[in-house]
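Scrolling down, you'll hit the structures one after another.
Here chain A shows up in two complexes: once beside chain B, once beside chain C.
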Partner chain A sequence: MGPISNSSSLTAAEAGLVSCHSCRLLCRAGDQVKSGHPYCPRCHAPLHPRKPASLSRTWALVLAAMLLYIPANVLPITQTTSLGHTQSDTILSGVVYFMISGSWHIALIIFVASILVPLVKLVVLIYLLLSVQFKWLWRPRERTRLYRLTEAVGRWSMVDIYVVTVLVALVRMDALASVTAGPAGLYFAAVVVLTMLAADSFDPRLIWDTAKERK
Partner chain B sequence: MVKATAATAYIACPACDLLHLRRPVPAGTTARCTRCATPLYRNRGRSLEWPLCLVLAASILFAISNLFPFLTLKIEGRTEETVLMTGIMALYHQGQLGLAALVLLTGLVCPLLQLVGYVYVLLSLHTGAGSSFAAEAYRWVRHVQPWSMIEILLLGILVSVVKLAGMAEVMPGVALYAFMILIFILPAAMVAIDAVSLWDRFPIAAA
Partner chain C sequence: MSSDGENGLKMEDLPEPRVRASRRISLVWLVPLVAFLVGLGLAVRAYMEKGPRITIQFASAEGLEAGKTRIKYKDVDVGRVETIQLDGQLSHVRVTASMVPEIEPYLTDSTRFWVVRARIGAGEVSGLGTLFSGAYIAMDPGGKGKTERKFKGLESPPVVTLDTPGTHYRLRAAKLGSVDIGAPVYFRQIKVGQVVHYEMEAGGAAVNVKIFIRSPHDERVNQNTRFWNASGLDVTVDPNGVRIDTQSILTMLEGGIAFETLPNIGSGGPVDPERHIFTLFASYDRIHEPTFVRKLYFMAYFDGTVRGLTVGAPVEFRGIKIGEVTDIKLQFNAKNAAFRIPVLCAIEPERIEINGRSTDAKASQKAEFEMIARLVRKGLRAQLRTGVLLTGQLYINLDIHKGAKPAELTFAGQYPVLPTVPEPVQELTASLSNILDRLEKLPIEQIGEDLGQTVHHTRQLLGSSDLSAAVVSLNQSLEQLSRFTKGLNTEVTPQMSALLEESRKTMAAGQGALTAAEKLLNTDAPLSYELSQTLKELSRAARAVSNLADLLERNPQALIYGKGDDQ
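What follows is the complex of A and B.
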């Protein structure tokens, strides 16, 4: 390996190295291809310089999540039967219920986790995909930070699924009161899972690769 | 501890691929990428025993929170006790197979795999050099980790309690208290481990 200063301007790819996605060991790209076993010698993960087919995989997952976001919000997520009277609630009407009944902090949690986070996550991922696709140079550092934030925050959308699970478990009094999960639950769960997979398949190093190419 | 070679003397930023020379940082601090500020590695001290203790404690708390009742609901004299499995079974009986499977995976199976995996990996490193099987196990545990969502599950439980408070009497069970401690212990264990320095303990196979 050549002399590299503490913070070089050289990337692993430019130095002919592959950083293992799993354990981050630096491996010589040439050695691995020659031996016919592109696996990390420490953790046995398959080695590749960038996540494979990152852009097309992320696009596919994002588009699927966008489509499912519609039934997730339009269809009822819970059906509550209380003394013969049945009420269907969508995610949004659940938020409104909490606001009216005075639990505005709960309304805020559900609104942020179930409506805002998935939506913002999709918008951010589309923006990042477009920025790489069209080789935009604008603020790579901020775009990287945006990506890390999106990746970290996405799992919290699962909170509504757990609320439905606990309600369904507890309120099973048959004629007196019962809660059943509505069809939106599965669509919403799919949105959360797909956006998590989409964030995972996006490779932030592509942001920096294009910045370098243009120079 | 494996001797530093060219392969471990440098590290590439996971977010922008820039190479950095690995220099020791003061205890408790994080080395960040000079170009994009993404954390590269942390100095958590050399001890394996501390995260191991935390993970073992978390395993006990996890067992308690799944074996004892979580919440008890009282409506007009009738009581209803629940564990997490009750909710999953209720979803399953309503024909919500997908939701039941997802809650089972993220609330029970993945946390269990995470705990068992970390106990195994830390114990095998504690008793000697990491085997190739332990390296494989650690790699899989890190894949499972984002899907282990107990802290989100607890938030969901608290939200449901508020929602039900109006229509019934809800009493917290032993499991809920165990769970509340667990969601502090498990993240503390994860924070006590720096992945880069843990990987340093595993041998690198000769090419």
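What follows is the complex of A and C.
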């Protein structure tokens, strides 16, 4: 297993130590850490050697994001009214519209930011969760990199929400043309936020714990 | 735990964390729960709002866009086109649309859909708004009826929508003229309605036109209303000059129908617009002529001759023309080697004012047959009759013969067969020919010969010397006699004069009879009986005259002394 298995590394958890997240006080992690809810003797912030209930929390958030991803894509995100003709667009139909009308680069941006990224994020998180859950040993370093990528890219999905917001604010020409936000905006924002939270609640150290255990 | 830190800090010196009791289930699971509930709520709402899906068939999808085109009623969205597909044979376009749930009760078999596009016609301009917003499908909600999900879209907007108050009427015309759908209907040159629909009648005998007359003008329509085709320009040249009639410029372009309610005998009662069919006359001048478009055919079989019966001969009922003969054929039945002559007659039921039931065309076809069957049971028979004796023209008379043999209405193919009774002319002809036969057997030639001989004898007699001697002696005798006869005058002379008179009359009658016989023989006139009688009498008279002459020859004194005992 290369550099992972033969390292003589020592984690804080192995050393029976735990660091406070708030005041960074290093404490000893006794048996009580496992049995109850320890908190920092100095600042009273909760102490945990690993992110608490990381797996179940991440699972819950990912599940919620997956559920909301459906209305986010099925319901219309904008309603464009021009010359008395009202048209509702979902995210996908907007992408198609831009692609057909020639602005393929805008279509690409929206496709990547609004469809690809949330989807990839959800898939990656589910993969990571499964790999920890079932203690897979396969390439922990790549998996960690995947996690970092997920965390970094997550917020860019909000681009779509910004586009809608800007459109709604700018295109206000009453009879000629106007754009209103559709109900999907809310669900889409929720999906983005939930995936961000899910990525945040996942503890990548669990990947390495598994690798260590198996050694 | 065993080794000390390098900076001298003992692990044991590090503070111990304190412990709080832990909750069993993490609150974070509320998040997916909420998400699930939201999703469920959306799904339920989508399901509740999901209206009926319908398919509409159009000839073309011009201007329609899947997912975008709306279905509107009174400019309110009631649905949206979901898919547009070609049907299997590529002959139509099938448009699938989802409707709002509220419209569901109005989707019946009378619901109509059509595509609203910008339209510029002779009469009107419509749908200009669609130039900007794109075409949409308009809907005319149906009334009560069977729930329907598959519709056939109209190719043009309906002339009249269901919510317009008024009445539909049905007209029947021999030909359509230039009337088109949407053409105006005028009453006193005011547009009060429109032509809604027209179609060929089943069988192609006439054209059915459906018109709509707006309320309150539909009140003007009753049984005496006459509709006529007011299309185009009516130019009349008469001694008063040139007259040009038209209802309006519009009718010249797209045709039109006008109507008027005539004062008339008979019932001017209200009509049942569903059943009554008006006649659409070709022009205003025609509305006073009764024309009958509806025909009822029946067949009658005749065994005797139909010489004198022609196609077009009238069919009368008690002297009133109700139809005419349309076809005459000769049929030979090979099985029993018999001839018969089927005569097809067309009756125009509109000539008959029928009380007690409505005069609907289609629905009452069966009822009409039933009525005829009832009449046949009551004794309705067809009969050949001579119209004019001289020309020998025949017509067909229908009447109720109370004493006729009972018969039932039968059918020959599609035509009902009326039983027939022999015509009175046929009976008369039979007896007349009998008389003629007998007349032919009379020995007319011999009678004539006898008559000639008699005359010859008389002449010989008159020319003989005996007679002149006799006359001389007779003269003498007469002189004696004249004295003597004065006494007998009253006795003999009236007898003689009466005899002569009678003889003369007989001769004249004989002459008349001869000419009459000649005429009779030439023109086939009846009354030969009298002739034979007269001839017999004449021969008897001639015999008497010859007897007298014989007597006088033998006994000239018989004139003076009478016949004597020896005679």
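Just so we're on the same page, the second predicted complex is superposed on the first by the 179 of 215 C-alpha atoms of A that agree within 3 Å, B and C clash if a C-alpha of one lies under 4 Å from a C-alpha of the other, contacts with A are read in each partner's own complex, and residues count from 1 in each chain.
Methods note: a contact is a pair of C-beta atoms (placed from the backbone, for glycine too) under 8 Å apart; a residue touches a chain by one contact, two chains touch by 3 or more.
This structure is a prediction, so every number in the text was calculated from the model and none was measured.
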*May I ask you to name which of chain B and chain C touches more residues of chain A?*
B
*If you stack the two complexes on chain A, which partner ends up touching A:I110: first (chain B), second (chain C), both, or neither?*
first
*In the superposed arrangement, does A:A189 touch chain B (first), chain C (second), both or neither?*
first
*asked:* Looking at A:L26, would you say it contacts chain B, chain C, both, or neither? Reply first, second, both or neither.
replied: both
*Mind working out whether A:L68 is in touch with chain B, chain C, both or neither, as first, second, both or neither?*
second
*In the superposed arrangement, does A:I77 touch chain B (first), chain C (second), both or neither?*
neither
*Scan A:L167 for contacts with chain B and chain C and give back first, second, both or neither.*
first
*asked:* Between chain B and chain C, whom does A:A53 touch in the aligned arrangement: first, second, both, or neither?
replied: second
_With both complexes overlaid on chain A, does A:R42 touch chain B (first), chain C (second), both or neither?_
both
*asked:* One more residue to check, A:G16. First (chain B), second (chain C), both or neither?
replied: second
*Go through chain A and flag every residue that touches chain B in one model and chain C in the other.*
15, 17, 25-27, 35, 41-42, 190
*Over in the complex, which chain A residues touch chain C? Could you list them?*
15-18, 25-30, 32-33, 35-42, 47, 53, 56-57, 60-61, 63-65, 67-68, 70-71, 75, 83-85, 87, 187, 190, 194, 201
*asked:* For the complex, give me every residue of chain B touching chain A.
replied: 6-8, 10-12, 14-21, 23, 34-38, 71, 73, 75-76, 78, 80, 82, 86-88, 90-91, 94, 96, 98-99, 102-103, 106-107, 132, 135-136, 138-139, 142, 146, 149, 152-153, 155-157, 159-160, 162-164, 166-168, 170, 195-196, 199, 202-207
*chain C to chain A touching residues, read off their complex*: 1, 11-12, 14-22, 26, 28-29, 31-32, 34-36, 38-39, 42, 68, 129, 132-134
_Taking the touch rule as given, give the residues of chain A at its contact with chain B in the complex, in rising order._
1, 4-13, 15, 17, 19, 22-27, 31, 35, 41-45, 82, 98, 101, 103, 106, 109-110, 140-141, 144-145, 147-148, 155-156, 158-173, 176-177, 180-181, 185-186, 189-190, 193, 196, 200, 204-205, 207-209
